[in-house]
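The first chain written gets the first letter, and so on, giving A, B, C, D and E; residue counts start at 1 in each chain.
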Amino acid sequence: MRAPSDQATGEQLLAVENISLSFGGVKAIRDVSFDIRRGEIRAIIGPNGAGKTSMLNVINGFYHPQEGVITYRGNRRSKMKPYEAAMQGIARTFQNVALFRGMTTLDNIMAGRTLKMHRGFFWQCLYWGPAQREEVEHRQKVEEIIDFLEIQAIRKTPVGRLPYGLQKRVELARALAMEPELLLLDEPMAGMNLEEKEDMSRFILDVNQQLGTTIALIEHDMGVVMDLSDRVVVLDHGVKIADGTPDAVQSNQDVIDAYLGVAH
Amino acid sequence: MDLLYRILVDPFVQMAGMPDFFLQVIWEGFVAGVLYSLIALGFVLIFKASGVFNFAQGIMVVFAALTLVGLHALGLPAYVALILTIAVMGVLAVAVERVIFRHLVNQPDIILLMATIGLTYFLIGLGEFVFGGNPKVMITAQLGLPTGSTAIDVLGGLVILQHIDIAAAVIAIIMVATLGVFFNKTRIGRALRAVADDHQAALSVGISLEQIWVIVWFAAGIVALATGIMWGARSDVSFALEIVAFKALPVLILGGFTSIPGAIVGGLIIGIGEKIGEIYWGPLVGGGIESWLAYVIALIFLLFRPQGLFGERIIERV
Amino acid sequence: QDTVYIPLLSYRTGPFAGSGIPIANGMSDYLNLLNERDGGINGVRIVVEECETGYDTQKGVECYESVKAKNPLVINPYSTGITLQVIPKAAVDKIPVLSMAYGLSASAIGEVFPWVFNPPATYWDGASAIIKYISEREGGLDKLSGKKIGYIFLDAGYGREPIPLLEQLAKDYGFTLLQYPVPAQEMQNQSSQWLNVRRDQPDYMVMWGWGAMNPTAVKEAVKIRYPMDKFIGVWWSGGDDDARAGGEQAKGYKTVNLQGVGDGFQAIQDIKKLLVDTGKSQTPASMLGENLYNRGVYNSVLMAEAIRVAQEITGKKVIDAADMRIGLENLEISEERWKEIGLEGFAPPIKVTCTDHNGHHPVYIAEWDGQKWVQVSEWFAPMTDVVQPLLEAAAKEYVAKNAPWPARTEECRQ
Amino acid sequence: MSSVAAQPVPATPAIAEPVLSVNNIEVIYDHVILVLKGVSLTVPEGGIVALLGANGAGKTTTLKAVSNLLRAERGDVTKGSIVFRGERVEALSPNQLVRRGCIQVMEGRHCFGHLTVEENLLTGAFTRRDGAAAIRSDLEMVYSYFPRLKERRQSLAGYTSGGEQQMCAIGRAMMARPKMILLDEPSMGLAPQLVEEIFEIVRQLNGNEGVSFLLAEQNTNMALRYAGYGYILENGRVVLDGDAATLRENEDVKEFYLGIGGGERRSFRDVKSYRRRKRWLS
Amino acid sequence: MLYREAGQFKTSYEADQAVFPILQDRIGVMVILAVAVAIPFFASNFVLASIMIPFLIFALATIGLNVLTGYAGQLSLGTGAFMGVGAYSCYKLTTFFPDVNIIVLVLLSGLFSAGIGMVFGLPSLRIKGLYLAVTTLAAQFFLEWCFIRIPWLYNYNHSGAIEVPERTGFGGVVLTGPAATPFVRYFVVLAIVVAMTIIVKNILRGRIGRSWMMIRDMDIAAELIGVRPLVAKLSAFAVSSYICGVAGAMMVFFWLGAAEASAFAISLSFQILFMAILGGLGSLIGCFFGSAFIWALPVVLRLVLPSVGIQIGAETVEHLTQMIIGALIILFLIVEPHGLARLWQIAKEKLRVWPFPYA
């Protein structure tokens, strides 16, 4: 386990500065700035409706903030298309599972590799030859992920039929298949019991440590957040109210009032 | 240059040159629009309550009108036939719910659409079997609907108003108003929208789909009857009327699938728009453009408002 | 007993049923009458079988294929679309096609279309007859100059077919042709077309409509107060229901007609007695003698007479499709013959020849009196001199475009 | 980890007249997938019963079998019986069941996206006949439980955040004034503070109004603190049941569901390798 | 016990990704193909010309629509018009290139409808779901209007129809025109349909097909994963219209023999849509089921009904047929809402667990 202090020196991967986002009258995010460093696990917490999910949406281009700049890998940008974010190595999972319900687990994960596949239309029509070789190559990568997440048994099951917890896992697998640099996880453990949360935590740590993927994590289970994350940013009503190490955040009175209720 | 003139200037010159005729065009467009709205209204009702596009609405129009005329032909007085026809539409509503929709709760919209297609096949077969395929004359006068026309002297010319068209407009407005109030101001209205959103959740809070569906199919049946009477009075009562139902599509799309006022406004825009388009711009390309103009008008509106004028917002969120 | 098989591609369902039902009734009633009354034609019973097309080309082709296997004498497609499809097949399958006064006008040229027959007149004849009638009312062809004639038509091959001829005549006689196309799906919704009519104020209106288009047009004409006696439809726009829909005000609406109307003819009375009153027919008594019903009867007369002629020429009792073609090519119904078959004054004498599969027979104008059609003009001949060259050119064009079109090999037997 | 000392309601399901009893039911989806293989449970009048189990154990299926929503998923109860307040209910429609006082809060929120938050809440009162005033005051009650909802009352539910939707779904069920609530994963996606609040609300409704609860929950810790009795489901079978207090002391439950094996709370970081799941049934 | 995959181990991903990984399925497909090839040697011309040929052509058109609606989730009501574009372009091509093999022209004509399909697909970026129907409807009616109004398209024929000229190929075999036997036409159609089905299957199981399904299932997520909606949707429109175009050309050239604009009316669009939905959206085998159900079953019923019952009129047969079809559609949906293909799948699953009722 690495000490949090190592992280502090890590190079900055992404920075959001003075982001504001509103929908009509609703101000979802107001003037929030923070950064994510390469290789760290950065948690975003806050009460319901604080703007956490909206923040992730801003980072990967689904929402366009009215104000503010985002710097990713040293490039400043304000507006971009979601698929451009994906091309630059940002992957994510969703709070309300957003799997492709009509496809099998395997296809869902293969979908994550879309950007890595290049064979043209002609070869796809023929299938035999290059297209098949490519398909098999990527299938191998996907199988590794399937092994890693222990979902071999449901490979060929349409995801619509899976219980919620497994769906979340498939979603993680799909995001991993993109081999992202930055992985955004939106409540990956909601609706899981303790044992499953432990498993999921393990996966997340492994991804972070073995593959060196930077992770931004939204989670309401404080145990998970405290144990996994290197730094935590706390939002409330769209405003950043705290930012720092888990311990510091946990004892911050504002955070306790707004979010935790009682000290955990 | 000449072409530009003919596209950009000449039509307006014509409009200004014959204002009485222009007024007549608007009126005809208005009437057509009202009639389109009547068809669209039937679709909206069922769409609101189940999220399903009721393919059978067109044939229901024919079926209702045929029943009315058929019962009258048996010697029943017009009003008795009318009441009996309403009863038949009620029976149809119950049957549709019992036999079809009860078994298809919580299925994807496209499946429900397919079921209404099945229903369409069945009703066409049944209708032709019972009533025969030959056209019949609507019993307009017997129902006490006005016939004849009035010519108004305005703007240096005559504008002819058909009494039946005026009646159609009045009936349509009454119908839209009643249904609008019924579905928007009562708790049934809220329940309807809930059902359209999520069958299962609606069930879970105790909304009775059976009851809701019977109500809306019955309402749609009555709207179909009104539509059948009005269109029947315009041409004749035959299975060809079913084709007219397609006209509801651009209206619905423009107005928004779930909105009762949308059906009216959409109908009027399409009705008036296509008449003006056909009369003043149609000749440039040899006429007959009405068949696609409505869709193009709807398309242009949609590019600005993808959910139609009054449709519910398409929720995009992750 | 000996039988021959005649399929009828009818449509009693769908949007065009309104026009299809009386025709189907007339056709089958007359053939069945021959069976009931005379025991068939020279002792050969006719097996009549309807195949429902719904006026749909797909089903029409299916019907054609299904009846083909049963050795039909002749095919009556009763739809221009289906006719166009079976025309090329006819020569291959060796089954004559009888498209009575519809279908491809150019198929009148027997040299090119040995297997297709479209008596008694083509659409071009019809259109020219209407113009001729108008000119007579105006007091001569030279009076047409400067007049405006509106043409409202079903926007399909059927309705577009007369346009070249009308344009030609407009050029020749100096009238203006105004076109009002009605798209098929707008059949019952013609207010724009009639608004245009109201604006343009044409002196006459000519209509090429079918099915539900007709009653709607009549109603719309009434609505804009168009003078009904200047509104003339082709023979397919002359259904009783079509005019009836316009109510009282439809009085004066005209149609160019090919045969007599009313149930006063002996043969029709026989049908009533032997078939309708005994419940052997689907026809309601009120429909007997209606214009389109009689059209159906006419169609069957053509077939029956052709069978008789074929029997005579070939000497066979039970003829086949090839014989039937010969029968049709030598079809002749004289005045006496019309009388013999109980249809005196029903139609002018008919003659079809190897080269002329149509005959361009005389037509007359009928007017709706609020209850029924009445004849308001003498029988008169269409402008064959204008039509014939056009037909020949069209046939030549057809051959060129459908190369390799087989040359006629059938000899002309008499 | 401090805890609000929750006194478990002493549960004696055998004695008190059960408000709900499920007897040995079997559920098949799509005619081929057998999911519940004989589940029995009872909820005593005024009791809170927790249904625990891993993902896919069949908790949701059980609840839906009770509320009769299964049919909408092409599932079928093929065996066994369900008795709600002395009446067999398998043949009733969900709406009849709601009228009889049993309502379900569905997993995954299921708010009506195109209705505003307030309209969503009002649909909950669909079956009520006790007048607008009563409904109004209940609406205020829900708002007082969930102030966040009041702030967002006019926005379309489809646009609200996950947690807001969850509150909306729970509030909606409360609007029906039920005798019994089937709660499916109420804590999912809620902030910790709210989770506590939700369970407090459950306790209040239970204590003040005598509402019974059948509660499917992953947050075992919470569930067993508030429930009187618990069932543990695995692979479509009940594998363990007992008083909440007893369950909490059970070593296996501690190990797998409470995360306090060995007496101390483990850190998520320290779970070294994936453990083989120990199961009561293999 | 017959349908078991037990014991069939796949040792490579290639084998696992095969279209029919299970031996019994492979055998089944072979049997079906063998039957398809054998049919003409037994069946009457009527069966070939009126059941099999249209059945195959409609199945292909349904595949085209299914690519767009079933796989890419874009509702289309313009299939008929896209088929029309194929037919009219093929007709023009035959006039311009009378000597080129007609099959090549048929395959080329699809390109034109692909192009037009893409143009009408553009609004799909902004307009979704049922609302998208308006663009395809606009396409339907506008194109239909063009088929009537642009006489150049039908070579200024007075009849306003396109007529199929006689064309030979492969050493003098008559392929089109009235002299082409159903036997020959059937094999040409069969070959094209089988080849196109295989190609579509290939596209579907690769990257492009997956990106369509991603857009269908959840367009937002798909975009966040890196699918460009523009490319995915337009490619679906293109492929779909291409297939429909080819089907349309075949419909006229190998089946009807001549066609007016009305042959490509909205009723054709609906007919194909019914086939796609009833067969099962998002299933290739379903396209064949749907086509068989909506086209072939009525034909068979029309033949069979008179022979079992008392003598009834042709129109009564038609009425009964319609009622039966309607009732069957409803019945099938109640039994299995996801179409005939799903019913098939469930049947297979049942077979797999047989003799036990469920797994």
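By definition in this document, a contact is a pair of C-beta atoms (placed from the backbone, for glycine too) under 8 Å apart; a residue touches a chain by one contact, two chains touch by 3 or more.
Because the structure is predicted, anything quoted here is derived from the model rather than measured.
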item: Centroid-based (C-alpha) most distant chain relative to chain B; value: A
item: Chain located farthest away, centre of chain E as origin (C-alpha); value: D
item: Intercentroid distance (Cα basis), chain C paired with chain A, Å; value: 74
item: Computed distance of Cα centres, chain E from chain D, in Å; value: 48
item: Chain B and chain D, separation of their C-alpha mean positions in angstrom; value: 45
item: Rounded Å distance, chain B centre to chain E centre (Cα mean); value: 32
item: Shared interface positions of chain B, touching two or more other chains; value: 124, 128, 133, 246, 286, 288, 291, 318
item: Two or more partner chains touched - positions in chain A; value: 53, 62, 94-96, 98
item: For chain D, residues contacting two or more additional chains; value: 33, 159
item: Interface residues, chain D side, partner chain B - complex; value: 67, 69, 71-73, 93-95, 97-99, 103-106, 110-115, 119-120, 122-124, 126-127, 156, 158-159, 172-173, 176
item: Residues on chain E engaged by chain D in the complex (per definition of touch); value: 346, 349-350, 353, 357-359
item: Contacting residues of chain E [partner chain A, same complex]; value: 12-14, 16-17, 199, 202-203, 205-211, 213-214, 216-218, 220-229, 235, 282
item: Chain C to chain B touching residues, read off their complex; value: 11-18, 20-22, 155, 179-189, 191-193, 195-196, 198-199, 211-212, 215-216, 219, 223-225, 241, 244-245, 247
item: Chain B-facing residues of chain E, complex; value: 123, 126-131, 133-135, 137-138, 141-142, 144-145, 148-149, 220-221, 224, 266, 270, 274, 277-278, 281, 315-316, 318-330, 333-334, 337-338
